[in-house]
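Next come two complexes built around subunit A: one with subunit B, the other with subunit C.
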Partner chain A sequence: MNISKISMRNITRQKKRSFLLGGAIAFGVFIIITIGSFTAGMTETLKENFTSIMGGHIYILGTETLDSGRIVQVIGDTADLERAIDTVDDLVKEYHVRSQVRMGEIIFGSKSTTLQVSGIDWNKEQLLKDTLTIADGSLENIEKAGSLIIPEKVADKLGVIPGETVLIRMDTVTGQKNVGEFTVAAIVQEQDSFSFISAGYTEMGYLNDLIGLESDEYQYLNLHLKDIAQMDIVAEKLVTELEKTSLVDAGDDEDEDGEEDQRHGMMFGGGMTSASDEPWDGTKFSITNLNDIMEPVLQLVNILNIVSLALFVILMIITMVGLINTFRMVLIERTKEIGTMRAIGMHRGSVRSIFLLEALYLALFGAAGGIILSFATTIITGLIRFTADSALGLFLHSGRLQFITTPVSVLQVVFLLAVMTLIAVYLPAKKAAKLKVVDALRAQY
Partner chain B sequence: MKKAITIFLVLLIVSLSTVSAISLDDANTILDTVDTSRNFTGTDFSAVMTMISEDPDTGIEKKKVQQFRRDDSDMFLMLFIEPAAEKGQGYLMIDENLWFYDPQSRKFNHTSMKESFGGTDAKNSDFGASSLGDDYKVLTVEEGKLGRFDVYIMDLEGTNSEVTYPTVKIWITKDTNLMLKSEDYSATGRLMRTSLFPSYAKVGDKFLATKMIFNDELIDGKKTQITITDISSKDLPDSIFTKSYVERVNR
Partner chain C sequence: MTVISLKDVHKKYPLGKTEVHAVKGVSFDIESGDFISIAGPSGSGKSTILNMIGCIDTPSEGIVTINETNTSDLKDKEITNLRHDVLGFIFQNFNLIPVLNVFENIEFPMLLGKNPLPKAEREVWISQLMEEVGLGDWKTHKPNELSGGQRQRVAIARALVTKPQIVLADEPTANLDSETGSSIIELMKKMNNDYGTTFIFSTHDQTIVDIADHVIQLKDGKIVENRRR
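Up next, the complex of A and B:
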């Protein structure tokens, strides 16, 4: 009988004890894999939602000062910017130029609600069209001035259908009040899963006219990269290139007045009209990327991961203490058996290996149980459809929670568990291996 | 003879119309007078505003706000007294900066004079010092009647691209130069808001609108009515117009 078979047989000798120990290990594995899958899915969903609604991965915003000292959001002179983006052109999939009304108020009859309206150059921005899921109406005439796409949630609230005319109250780039007439061309799904922003889209030239920009001007340029992993490198390169010719706010410093918060706020829309103490010439660029915007959320994800890891480690320490005690008892129970095996020629190393393998098998069975339980839980939870208005709205992908479990993350947990188990059982195993044959055979217990 | 009478009548009508018409320069001067009579220069001002907002979506809401103004230095403080959920919130205007204080987060955030005041149909600029004469120029002026009042009806255009409404139409009483009504138009020429000022009180040598009605012309049935009471023109301590005061009253 080889060592592996003996170890396996030993597990089945004390079924109840093995089940309890394996169950504790399974619970710890279940917790860490489920939370890890949730946070990975949450991060991915947020990235997808942000990319979709922001129109890319890197966002270049322009601000200029008026003679009065007031700051307006516009990229007036594009020559420097074009020169800079040429240097990263091979890494970019699509360029999206946009103007935006951050806090527009869409009105239909006596009903109104908040809507962020983005002005889109439909000839250049194909990806957005591909990601929109039409619930009603069509994108056929979307390039027509005044055509508007709104999310289903907004359409439901207003009771509006495609073909009807709505008003949008907005501010111009200098902060003046204005109102525009729009015809609802299409009502889209999905956007409402990103529930904290209701995003609408219209033709850029028409929106520009309403917010006081020239038809060919825009407020920011978004870069949709071929590889999202290149995001920080591309952003850094753009900052370096732009700094050669223009004022640049790279987005990596923060002052106590919450300048970074303001910059992120600006990324979500136009019409910034605060006064500047120190006016500047030309366009001042601000470059942020998806990681900058998601930083608070990523911090939350990291905290969740740390908490789950701490919980896992605590659970494992408790389990390992149980494991040590169990194997010390096993050592006492099997002293005579060890003496017999040693007497018929088994080496000390083999005795140690039997103990270690028994513990390892127990840990692996427990891990397998935890992984299966975690998979079942995530699959079932992933099937539940939440309403966009729920507290989870921000983390929903098509109305559902997304769980991502990677083989690497599972293997990491299993490896960590295996190492902890082997360390815990090493001392009883060593003690068992060191037993003298005569003493073991003479043992009265 | 008949011809002579006709010529006489034509001349009479022309001369009368010349007498009653008002030049654009005079109209611009009247705008300055409106500002002068509404601004509390040389004295401080405080009052309590009761605001009743009607919204077809959210129903009727009542707010009470304590108002402090020092127009000489372009400063004001508006502190919410009611409802309980908004108590302690405040708008503080100092050094050309308008701050909104939220007692929940204990933070001051920059806001703009053009923004809505506490979610009502009034704008923050409706409660600061009046600057019609600086911000607008008169395009046309005519005489007319508003109810029983003889008024000048003026079409105004913003002197810069930063005024809240690019064009405004106002009704000003001929005898007292008080604004009774204004219509605010968007850059696209659509009527956005109608404001009515049906009653005024004399405070020292100044006039204060004690009742204001702001009608949202884009949303049917949405309006805000403001009544001003407990008016005082006594001097206020300097400490009122500070951030620390706003924080202190929230402790």
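Up next, the complex of A and C:
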């Protein structure tokens, strides 16, 4: 008990020195926890945004070849697909089907611009509705045929407001031109800085009519899983099942040059109604999942985490050098006191413990300061609303930065700090414990 | 009963390239309950002898026994336990722990033992000691808030708190004025009478030497007088 008390009180002996050391530790902890929270929040935000906008975690795209050799995006024969998804049904929360116009031209008066339009079955896409941030208008009548949701940027460019009618010129799945009339129901804020997400949404049946699909046909089947951790397993299983009966482009390492890029391009509106050299029968399936799309982002997150860890380690090394020097000084200052405590019956281990505990308390106080500072910073920053087209657009969740701090990540940092501190102070502590009592008592300090 | 025995004890210190022979073949016995003064001028070897009796230094030659145990045969842990259980220390510069208050300083040695007294009993005993050394109202004061005499009183209480057989006091009055010094020696004498604790103190002050029952006079590392009254 007394050892702990002495260690704690020793911290207050040199308040300025303790404050500076604790401050340095707090700063290091602040940096790593804040960056860790930011990257965790960013990853989660991106996953959420992708999940809601893409309509799920696993995306199945169908392509067929016409007699003319032209490739069209449509899942015409659904029997094989339904049989395959039956095998993973217990892992799926929701199924979303979509059709899409990738490079439509939206016209209002004398102005026009390009717009990607997704056909949505609104009854099954509550998540997307929740994610959209309405700038003007409402989502009340979006299920009505011809109702259109457009991004703010497009609305500004055209000068259109909710309730007004626009035209969209588009290609049908067979490559013919068609024009549809839409009523702007709502204008939404940009979701992030990716152009493919600056998309319009409309009711799927109405869009299908315009692009030459039957009302019950679709181009994508997206699976929203119960457990996102099962994503790769489910995707793998679907590939295995579909390969038994159909052509499958699974997106594995066997991809030929650029084929994966082409598949992502199809997902994000790159367009694909070209001719094929080798036509195939039936529907060829392409399966992508959120991890494939997130890979570049996750790499960025990993780099950020490594940089923050490196920064933390460098800061900690500097702090540890400070700690070693401080405790060497403390050893000199308290030599006589150590001699006294040893003379009246304190064992070497207890002397060592006093030093180690003092450093540990200092580190824990510093860590607590860093954690509080980090929480305050993330809470305050999380309240700030950014414009969607800012550089931070990629990381925004409903216009705000999201920070996720888990107890495990905080404990990991504190544990690492504690271990580094104990290692740093061990030598001065050992030296203090090994002092000869008679020499220590003779010390002039 | 003999509690301490020194037999032909020598102590040599290296000093640069030479060697200082601080204690030269000293032998004497100390009986339980003695109030002994080890007297002599500076450099006569008083502190060195006290350090060897206190097991904080070892003889270069000869034997120091405490309760018939040769202290040279003990390992560090055993010596530490011996210091805690059998010996109490009073230092010239008081050597209180600055971050602990008066009560905590006195309590400190009790907490270092393997089986400390229960808290309630500890508090009663420490309060009694504080009253006896005249510091009943200074319980929560830190050492830097006390005078030299008060600090030495705390040190006396701290030395007695574990009820040791022997208390060693190295020049306990050297940093005090003569009046305070006398009161400290009187206090030690009272404790010697009340608790039967053996007190061994070193001093070069002849007026204090006279209070002792047993005087060992040193000069140049040798005993020149070993007198009991």
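Here, the second predicted complex is superposed on the first by the 383 of 445 C-alpha atoms of A that agree within 3 Å, B and C clash if a C-alpha of one lies under 4 Å from a C-alpha of the other, contacts with A are read in each partner's own complex, and residues count from 1 in each chain.
Methods note: a residue touches a chain if its C-beta (ideal position, glycine included) is under 8 Å from a C-beta of that chain, and two chains touch if they have at least 3 such contacts.
What you see is a predicted model, and the numbers here were worked out from it, not measured in a lab.
K.L.:
Consider subunit A as the common anchor and indicate whether subunit B and subunit C clash or fit when overlaid.
P.N.:
Fit: subunit B and subunit C sit side by side once superposed on subunit A.
K.L.:
Just to be sure I read the superposition right, which of the two partners does A:S68 touch: subunit B = first, subunit C = second, or both, or neither?
P.N.:
In the superposition, A:S68 contacts subunit B only.
K.L.:
In the superposed arrangement, which partner chain does A:N123 touch: subunit B (first), subunit C (second), both, or neither?
P.N.:
So A:N123 meets neither subunit B nor subunit C here.
K.L.:
By the touch definition at the top of the document, which applies to A:A343: first (subunit B), second (subunit C), both, or neither?
P.N.:
second
K.L.:
If you stack the two complexes on chain A, which partner ends up touching A:K111: first (subunit B), second (subunit C), both, or neither?
P.N.:
In the superposed model, A:K111 contacts subunit B only, not subunit C.
K.L.:
Let me test your reading of the model: by the given contact rule, A:K177 touches which partner, first (subunit B), second (subunit C), both or neither?
P.N.:
Touch partner of A:K177: subunit B, not subunit C.
K.L.:
Does the superposition put A:R169 against subunit B (first), subunit C (second), both, or neither?
P.N.:
So A:R169 only meets subunit B here.
K.L.:
Taking the superposition as given, tell me the minimum C-alpha spacing from subunit B to subunit C, whole angstrom.
P.N.:
68
K.L.:
What part of subunit A is shared between its subunit B contacts and its subunit C contacts?
P.N.:
The overlap between the subunit B and subunit C interfaces on subunit A is empty, containing no residue.
K.L.:
Using the touch definition up top, name the residues of subunit A that touch subunit C in the complex.
P.N.:
For subunit A paired with subunit C, touching residues are 1-2, 5-6, 9-10, 12-13, 336-337, 339-348, 350, 437-438, 441.
K.L.:
With touch defined as at the start, can you tell me which subunit A residues reach subunit B in the complex?
P.N.:
Residues 66, 68, 70, 107, 109-112, 167, 169, 171-172, 174-180, 210, 212, 273-275.
K.L.:
Considering the complex alone, what residue numbers of subunit B touch subunit A?
P.N.:
Residue positions touching the partner: 56-57, 96-97, 110, 112, 114, 158, 160-166, 184, 186-188, 190, 192, 218-222.
K.L.:
Quick one: which bits of subunit C touch subunit A in the complex? Just the residue numbers, please.
P.N.:
51, 54, 56-57, 76-77, 80-81, 83-85, 88-89, 91, 93, 95, 97-100, 104, 107-109, 111-113, 158, 162
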